[in-house]
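Order of writing sets the chain letters: A, B, C, D and E. Residues in each chain are counted from 1.
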Amino acid sequence: MGDLGWIFISTLLINNFVLAYFLGLCPFLGVSNKLEVSFRLGLATIFVMVVTALCAWILNTYVLIYAPYLRLISFIVVIASVVQLIEMAIKKLSPTLFRALGIFLPLITTNCAILGLAIFATNKGYGLWEGLVYALGAGMGFTLAIVLMAGMRQEVEKANAMPKLIKGFAFNLIISGILSMAFMGFAGLFSSS
Amino acid sequence: MAKEQHAYEEFMKGLWRENPVFVQVLGLCPLLAVTNSAINGLAMGLASFFVLLGSSILVSLLKSYIPKQVRISCFIIIIATFVTVVDYSLAAAMPVIHKELGAFIPLIVCNCLILGRMEAFASRNTLRMSIADAFGMGAGFLFALVALGGVREILGVGELFGISLFGPNFEPWVIMILPPGGFITLGVMLLYFNWVEEKKNKLDKQLAAEAGVN
Amino acid sequence: MNLFRQISKSLSSSLGSFDHGVHPRHHKGQTEQLAIQRLPFGKRFVIPLGQHIGAPAKAIVQTGDAVKRGQMIAEPGGFVSVALHSPVTGRVTAIGSERYADGTFQDAIVIEADQYDTQQVDVNPIDWESLSIEDFIGEVQKAGIVGMGGAAFPCHVKYAIPDGHNIRYLLINGAECEPYLTNDHRQMMEQTEELLYGAEIVRQKLNAEEIVIGVEKNKPQAIKALQDTIKPGQPVRVVPLEVKYPQGAEKMLIKSVFDVEVPAGKLPRDVEVAVNNVGTIIAIAEYFQTGKPLIERVVTVSGPGVSYPANLIVPLGTSIREVLDFAGGLTEETRQVVLGGPMMGESIADLDAPMMKGSSGVLALTENETGRPQEYNCIRCGRCVEACPYFLNPARFARLAKSRMYEEMAESYNVMDCVECGCCTYSCPSGIPIVQHIRTAKDHLRSMKGKVQ
Amino acid sequence: MSEDKIEQVAGAEEPSPARLIGTLAIAGLLSGVIIIAIYLVTFETIKENKARELRESVFRVIPDVTKMQKLLLKEGKLVVSYEEEKGEEPIYAGYDESGKFMGYAIPSDGPGFADTISVLYGYRPADRKVIGMWILASRETPGLGDKIYKDAKFVADFDDLAIEPPIVATKKGKKKPNEIDAITGATISSVAVVRIINKGNDYWVSKLPEPGSEPVYIEVTPPPSEAGEAKAQ
Amino acid sequence: MTQKDPKLLIQPGPQLRQQMTTPVVMRDVWYALTPATLAGVWFFGLGALLVLLTCIAGAVLTEWYFAPEEKRGYFLGDGTAILTGWLLGLTLPPALPLWMAFIGGVVAVGIGKTMWGGMGANIFNPALVGRAFLLATFPIAMTTWTAPGDFFTIPSSVFALPLMQGVVDTVTQASPLGLMKFEHIDTPFFDLLFGNTSGSLGETSGLLLILGGGYLWWRRDLDWRIPIGILGTAMIFSLILFIVDADKYPGPIFTTFSGGMLLGALFMATDPVTSPLTKKGTWIFAIGIGILVVLIRVFGGFPEGMMYAILLMNAATPLIDLYTQPRVFGRELDSK
């Protein structure tokens, strides 16, 4: 397994952002009731993450070596502006998508998965390519998790059988727990042999 | 005096009745990510508390100068500033804890609880009320973090704040400190809150019914 | 992928069948060797005005009127409606509310038979060859002929082919896939000539090229009788079909015989086919040969709860009780009496209700057949999905109906395409009355639609 | 402040873009000032903490050392470095009180059971042996994988370990000088540590100078932390 | 009024039903499991029987506790709680402390089933949820395999006090999968077939498991596509690897007969509730499991991947169901 390959598999499956790092829980729990929307949000997240990785690398390489203390602020500001641009673009290109994602597009910005990506990639000292692959893996891992979750939630909501008491967040958290348990099966993948 | 009462109300609201975690289910990411022990929960809780309090004060003070159009950006900048302050202070004063919490301190910026409070409360209320609110919400968040961290630590390693509870032969429940344990424990705690709430509602109804009969 | 489809397609068509469906035991042994007998005339006949799909007929006789056997007593109430005729010579004793098989009350004409009449009718052949298609349709409507396959849909409506459509095949439905029933079987054996004669009439009137008769393979005698009677050069073909329920549902039959799917929401004529039941065609033949309208039909009386099962010619309007009594009455063990086949038929609430044009069978069932398993939650075993001949998703229907998500059933899962054949309920190990759920959903959806309009 | 006043502020006619940008700029400036202030206040301590941590780790993996210095690979040669330099992986040389070279501390990382494991290990070129191992960072399972640093016996296995042929983790009891005992229940993590060290050796051993010609400890230079601090000021 | 025929039933059609009912299906699975269970108890001794019974007790008590009072008989009557506990028990190490087994049963039914609304509503296989929970919670106890031994000797670990560690005082021995994964040692085929190896309580006798599976297939209780799909895929995948490097990777026979492969493929992946509805979906499900098992076994961190493979495909089942809806008769004909 090459390094890039391992970075990808690792963030996609083993260290899945949602299921192992608890990042991006708000959209994961908030939007995962509709499959279609989840999938689109996933795609949007992949895109924003890749852009973020690019921005983070540029900032790291050209700005932050001179002013490390600006790391957090500059990440936030740059990512927010980029997402703002994307939001405007989506509004123009696909009003349906814009409506479907509703309030969640701005939430992607203040989504800790995005900031977490930038910070983790920096902490790990990833270069440009590594950072981009990391972002791709993280975004796709997020999409995978949220799409699986949405499928399950749609199913159980149709069956509508669960006890009233547990409906809602408690239930979704426990499903996430089981999913996270299932994803533990990927631990150690490609690192044992 | 009435004011005093009010502030107290705000505080209790955040701590229990509208607990940001157990009732409003906000700020889950930092909550789950760091609560594999009570001490980490405490540290994270205090850090968030500080950021919330500081930002609330600043936002409440500056609210009339911030134009509506850029208020979110301003809030974020303010919050990010306080987070940076916490980050550096913690790194300087408590390097061990800082290493444990790792990358999650900067992520306080994204905690929607904090931004939400700025938007919904601090930017619309007096300094005094904002402080009370920040105290309440911060304490509520802190309480949730410590509770969750405590449960996970007790079962996960058989200790609380590093003090062994069950003796050396205890079989730790490893899952509790792993990610699935975080999800499941929080889910079960929410379930418990729902249950308490429902019981209370039932009791209230019963009391009301009895009052009606009398 | 395409290749794969084609192979599977050619395979399935060579078997002469459709996909999915169920294989209930067919229980036809009790009656399949019994020749058709005539049920003696009873005393009191009840002729409901609305015994077919469409508008009820309008009575044209009054209480006290004397009527002759075969005389028209009600005229069609619209285009999708047919005439009614008196099954006996006698007197009209009442016109009013009478009890139906399902327990409801509906308007009917009650006729007291004249005990001393011979009940003979004059033979009055009709020269069908000179009739225009419009007149032919009028005659069929006047003869009161409806589909005898169970639905009792006015037959002439099917023959009113709109411009731009034409019929290439007249498909005669001799599948008789419902367990227990053997009336079509016996008619194909005993009235082969009439069947072929009637088919020829309809073929010529519709300008169809060929007559195709689909018969399930478990009726070899019927297949042989048909093949022996067909004259060389006659455009008639007999197609043996796999024994499987619901082979006789018209869209399944068309798929089995021609390997063509009738698009959802479309009719057989859209694929250039007209489908008629064996009994329907024989009724047409009899009408044009002798002038006798639809006043009696062949009924199978069977089931473990009947002492002497039989295939009977029953004058319409005879009470179910008389039919059963003729067959030796019900045994002690009988729990349920069903009008029609056991899959599509309905339970009878009242044995004094009359036999109607669409009543193909009277079945007496015992605990063994009627006992229902306790209902359990759906275990998603997929048996219903594998059973549904329309490739619907009954498990999903059951689930959605329980949470009252009717709209989604229609929008995402095409519940309205369900023909209520019952395969899903039949196959469900958890004893879920899926068809019932579907009916509820459809009713709800129809009433919602009504409200919107 | 009452609700309606807020409404007033909000409902007033669109503030000019200049005002908006101005507000943001002021906010940015304000926050910049605060951030730089806290940075300056804490910088020294943080730097010191980090340096101390590093020193502790290095001292842990090379026995009997009291001094260390950072080395970087430049044009194929190891040179002493005092500054933060990007792009190059540093290693550290340890010396005893008398300034005698004792060994290198080499950082290396690779995939473990959960996430990347970062290892620092001591290497003595004289007899081509690993002389100590310490885990800098890992997310291995508590109670299982974390034995790679909590299990003293496992850590001790690396105190005297030949690197040729490449180190192997065995489950049958170590017999050869290049073997360590895998931790029962954490075989994967044990093997991962071994692989990470082998990877470090593959990269570094050929690049190190001949035994005996290691860079000497240069007393006069200020320690790295002071260099950094000087720069910041 | 016609009250002369009071006995007549009025019920909606269809009047006929096929004979199989859900409780009968579940009981068939009990019967199918019996031979392999007896063999497991025979090899691992009375301790194993205790572990199994404790699991069942945990599962049944949980079902009983959460069932509405008036419907308890109905809830327990379908036989699935016992089956869940039983299957969970079969996947556990024979010397597991009883208190852990009990917790496994409680979690299996509580989180795996009741929480979702009872039988039929769950998405994950309850027994495997229980097992996954136990494995992640007590990883050491759950991977301590005892060698088959004396029938009457019960390892003292079985009686460990609640919350306390168990001390295994009988012979422990790596399971065939562990030997293969970490030491590349093959186990003789004969042992795999007859179960004289260490491993989970009920997974060791390949032959008897196949016998039980065959019975279920004969009774039409399970969908043959699932075991065939899983085993076929896993065999092909491992054959390819075996050809690439026979020393490093296990061969197809070993893959099929070792560990939980047969138990999982025949009894757990086939759980109708948690597998797709349609034939096409079933194939996708089975092939997915086959690939994941070999992937995890060969390249992953665990010697055994069956449980995770099934759970992961369980999670994907709603999506599979959604995208393998059969084409409704007479619809979208032009898309052919």
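By our rule, a contact is a pair of C-beta atoms (placed from the backbone, for glycine too) under 8 Å apart; a residue touches a chain by one contact, two chains touch by 3 or more.
No experiment lies behind these values; they were computed from the predicted model shown.
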item: Third chains touching both chain D and chain B; value: A, E
item: If a chain touches chain A and chain D alike, it appears here; value: B, E
item: Least hop count linking chain D to chain E through chains in contact; value: 1
item: Result of counting contacting C-beta pairs for C-E and A-C, higher pair; value: C-E
item: Middle chain, criterion being Cα centroid separation; value: E
item: Per Cα centroids, the chain farthest from chain B; value: C
item: Centre-of-Cα separation between chain E and chain A, whole angstrom; value: 33
item: Where chain B and chain E are represented by their mean Cα positions, the distance between them in whole Å; value: 41
item: Whole-Å gap between the CA centroids of chain B and chain C; value: 70
item: Centroid spacing, where centroids are CA-atom means, of chain A and chain B in whole angstrom; value: 23
item: Shared interface positions of chain B, touching two or more other chains; value: 73, 77, 80-81, 84, 88, 174-175, 178, 180-181, 184
item: Residues of chain E touching at least two other chains; value: 111, 118, 120-121, 133, 136, 139, 301
item: Shared-contact residues (touching 2 or more other chains) in chain A; value: 20, 69, 73, 159-161, 166, 171, 174, 178, 181, 184, 187-188, 190-192
item: Contacting chain pairs - touch in the sense defined above; value: A-B, A-C, A-D, A-E, B-D, B-E, C-E, D-E
item: Residues of chain A touching chain B in the complex; value: 19-26, 29, 69, 71-73, 76-77, 80, 107, 110-113, 115-116, 119-120, 123, 165-166, 168-174, 176-178, 180-181, 184
item: Chain A - residues contacting chain E, complex; value: 35, 147-148, 151-152, 154-156, 159-163, 166, 171, 174-175, 178-179, 181-193
item: Residue numbers on chain D that touch chain B, as the complex places them; value: 1, 3, 5-6, 9-10, 14-15, 19-20, 23-24, 27-28, 30-31, 34-35, 38-39, 41-42, 45-46, 49-50, 53, 141-144
item: In the complex, chain A residues that touch chain D; value: 1, 6, 10, 14-15, 20, 65, 69-70, 73, 124, 187-188, 190-192
item: Complex contacts: residues of chain D adjacent to chain E; value: 113, 141, 143-144, 171-172, 182, 185, 187-188
